[in-house]
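Scroll down for the structure; my scribbles are underneath it.
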C-alpha cells in the first residue's frame, strides 16, 4: 500500500468518531444517576418515606437511561453500515452528541417540573434536535455510497427516512401539545421507547431495515 | 470477502459493546471517590479527628470499588468467550449497565445509613438485578453456540449457572434479612467479594469454569 | 517479525494517546452541561422566566462545546498524519490536554462574569496555551518525518504554521484587549469558531492543508 | 488457528485492561479541574483578587495533573513490554487504579490543608500505594517471561526495581516527615515530578531501561 493510500484510509477511518461517541454515551449513562440524591432525613421521618420521595427522580433517571441507551444502539446500528467517514460526517456526529449531552439536563428539569409546559417543551426540543441529526446523517450517508460498507437500495433508504420521521413527528407533536395538554405530552415521551422496542421486534422480520431505525 | 459478509461481521462485532462497558466502569470507579468529601474543620477540631469521621465513607468507597472491579473482571471473562453479538446480547449488556450505574447511589446510601433496612434492601436490590442480568447473559450466550469463540459443554454451562446463582441467592437473602437482621445483611455484602476471590483461587484448579464466575 | 521489532512498534503505537485524548474530550463535552443548573423557582416566578435567566449559561455551554469539538476535530486531523509516537509527542499531547481540561472552568467563569477583564483574560490564556501546544506539536511532527504516515512538504508545513498562528494571534489579542475593550475581546472568542468553519470550507479546495488547521 | 488457541489469545489480550486504565485516567485528569471553583465575589471585591485566592487550588490541580499524567505515561511504557495478561495481572492493574482514583481526593485535601501533617500523610499514603503496586507489577511481569513482548534481562530487571524504589522511598520519607517537618514533606511531593522528568532525560541515553521507570 503506498503512502497516499494509507493516509486516505486513516483520514476516513471512523474509529475515533466511535470512540468519542461511546465515551460520551458512557458518561451520560453514568451522570444520570447523579440526579438521584441520597435523602437527608427530616426529624422523625423514616428512610423508607424519604426514599419514596425520590421516586419521581428515579422514574426520570430510568426514562433517560433508556432513551440514551436507544440512541446508542441506533448509532451502533447506523455505523455498522458506515465504513468511511468524511469531514461532513464527523461534524454531523458531533452535532448528534450536542443534544445527547443535554439529555441529563432535560431529565433533571423534567423530574422536578413534570407538568410544566416549559420543561416539557425543552425536553421535546432536545429529542427533536437529536432525531433531526439522526435523519440528516441517514440521508447523508445513504446518499454517499462510498462511505457505506454495503449499498443501501432506494427502498430501504426511503423506509429508513420514514422510520426516523415517526419519532421525530411524535416529539414535535409533544412539544406543540405541551402548553395545553402537558399530560399528553409527557405520555408521548414515555411511550416513545416502548414504540422503539415494538419496532425492534417487528424489524426482526425485515432485517434489512434494522440499521435505519 | 464480499459486501454482505463484511456487513454481517461488523453487525456482530462486540467491540463497541466492550468500549461502552469499559467506559461506564471507568467512570463509576472514578465517581465513587466523589463520595469522599474533604472535611470542613469545626472550631478547635483537628484534621485527624475530622478524617476519622469520614472513615465510614471510605469503607463504603472501598467496598463499592471492589464490587465494581469484580463486575468488570467477570464481564471481561465472559466476553472472552463471546465472539459475536446480536441485538439481544446488546440489550442484555445495556441492562447489565443499569444496576452497575446505580452502585454509586447504593454505596452513598449505605455509607450514610448502614443500619437502615431500607438502605440495605436497596443495595441488595441493585446487586440482585446485576447478578440476574449476568445469569441471563450466561444462559443466553451458552445457548447460542454461534456467538461463542469456543463451545461450552453442558457441564460447564450448568456449573456456570451454579456459580452465578450462589451470589444471587446471597444477595436475595441479604435483602430479606435486612428488616430484622440489618447487621447480618451488611455482613453478606462484605463477605461476597471475599467469596469471589476465594472462588477465583479455587477456579485456578478448574480453569474451564473461569469464564462463568 | 522479530522481538525487538514488535517491541519498537508497540512503543511507538499512538493508539493509547488517542484513547486518552478521546476519553478526555468525551468527558469535557459532557461535563460542560453540568454548568446548566435546573432553576429553582422563586415565589410567583414562572419556569419560563427562570429558564430565560440561565440563557447566558447556555450560550457559554454552546460556545465551549463548539470550541472543544473543534479542538478534537483538529486533533483527529493532525493524528491522521501521525503514524508513530515518541516520548516527546506523548508529552506534547499530555500538555495539549491540560488547557483542554481547563475549558469547563474558563467557560464557567465567562458565563458568570462575561464583562470582567480578568475572566476574559483567563479564558484567553487557556485558548492561547491550547493553540501554542498545537503549534508546537505541528512543528515537532512535521520536523520528524519518521513519525508521519505521509511526508509533509515544506510549503504545507509553513502553511500549517500560518493556519495555527492566526487563531493564536487572535486569542492573544483578545487577552490584551480584555482590560480596555471587554466586548471586543468577547467578540473574538465568539468569532473564532465561525472563522474555523469558514476556513474548513476554504480548505475543501486545498485538501492537502486540511491536517494543519 | 483452532478454537482453543483463539480462546486463549482472547483470554490473555490486554486491550480491555488498557481501555479501562485509559478511561480512568481520562476521567481523573478531567475531574481534577472540578476542584477549581468559580469564585463568588464578596461585596466590593474585584474578580482579580478573588481569582488570586484560588491560586492554591490551581497549584494543587497542576501538581496532581502532572502526577496522574506521569502515572499514565509510566503505565503506557510498562504495557509496551506486556503482550499477554493473566488474572493476576488484571487484578494488579485494578489495584493500581485504586490509589489513582484517590488522587483527586488527596489533591483536594492538600489544596485546603497544605501544612497539616494528616493531609500530607494521606497524600503520601496514596502515592506509596500507587508506587508499591507499580513495583509489584514490574516484579511480577518480568518474572513471567511469557507475558512479555520482549525478554527483560536480569540487569534491566534489577535497574527497574531500583528506579521504582527511589520515588517509593521518597514518598515514604515524606509521610514520616509530615508530622515534624510539613514543609519538607510538601517539598518532596513537588520535587518528585521534576525528578521524573530529569530521569526521563537521563534514560534517553539508556533506552533499554525506559519501560521500568
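Every chain is named by a letter (A, B, C and D) in the order it is written, and numbering of its residues begins at 1.
As a working rule, a contact is a pair of C-beta atoms (placed from the backbone, for glycine too) under 8 Å apart; a residue touches a chain by one contact, two chains touch by 3 or more.
In this text the structure is predicted, and so the values were computed from the model without any measurement.
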Between subunit A and its twin subunit B, rotation from the CA superposition, multiple of 5 degrees: 90
Fraction-based call for subunit D against subunit B, same above half, different below: different
Distance between chain centroids, defined by C-alpha means - subunit C, subunit D (Å): 26
Subunit A-subunit D separation of Cα centroids, rounded to whole Å: 37
Multi-chain contact sites of subunit B, meaning residues that touch two or more partners: 19, 22-23, 26-27
Residue ranges of subunit B in contact with subunit D within the complex: 18-19, 22-23, 25-27, 29-30, 32-34, 36, 38, 46-48, 51, 65, 69, 72-73, 76-77, 80-81, 149-151, 200, 204, 210
Touching residues (chain side subunit A, partner subunit C) in the complex: 3-4, 6-7, 10-11, 16, 19-20, 22-24, 26-28, 31, 87, 90-91, 94, 97-98, 101-102, 104-105, 108-109, 112-113, 116, 118-119, 122
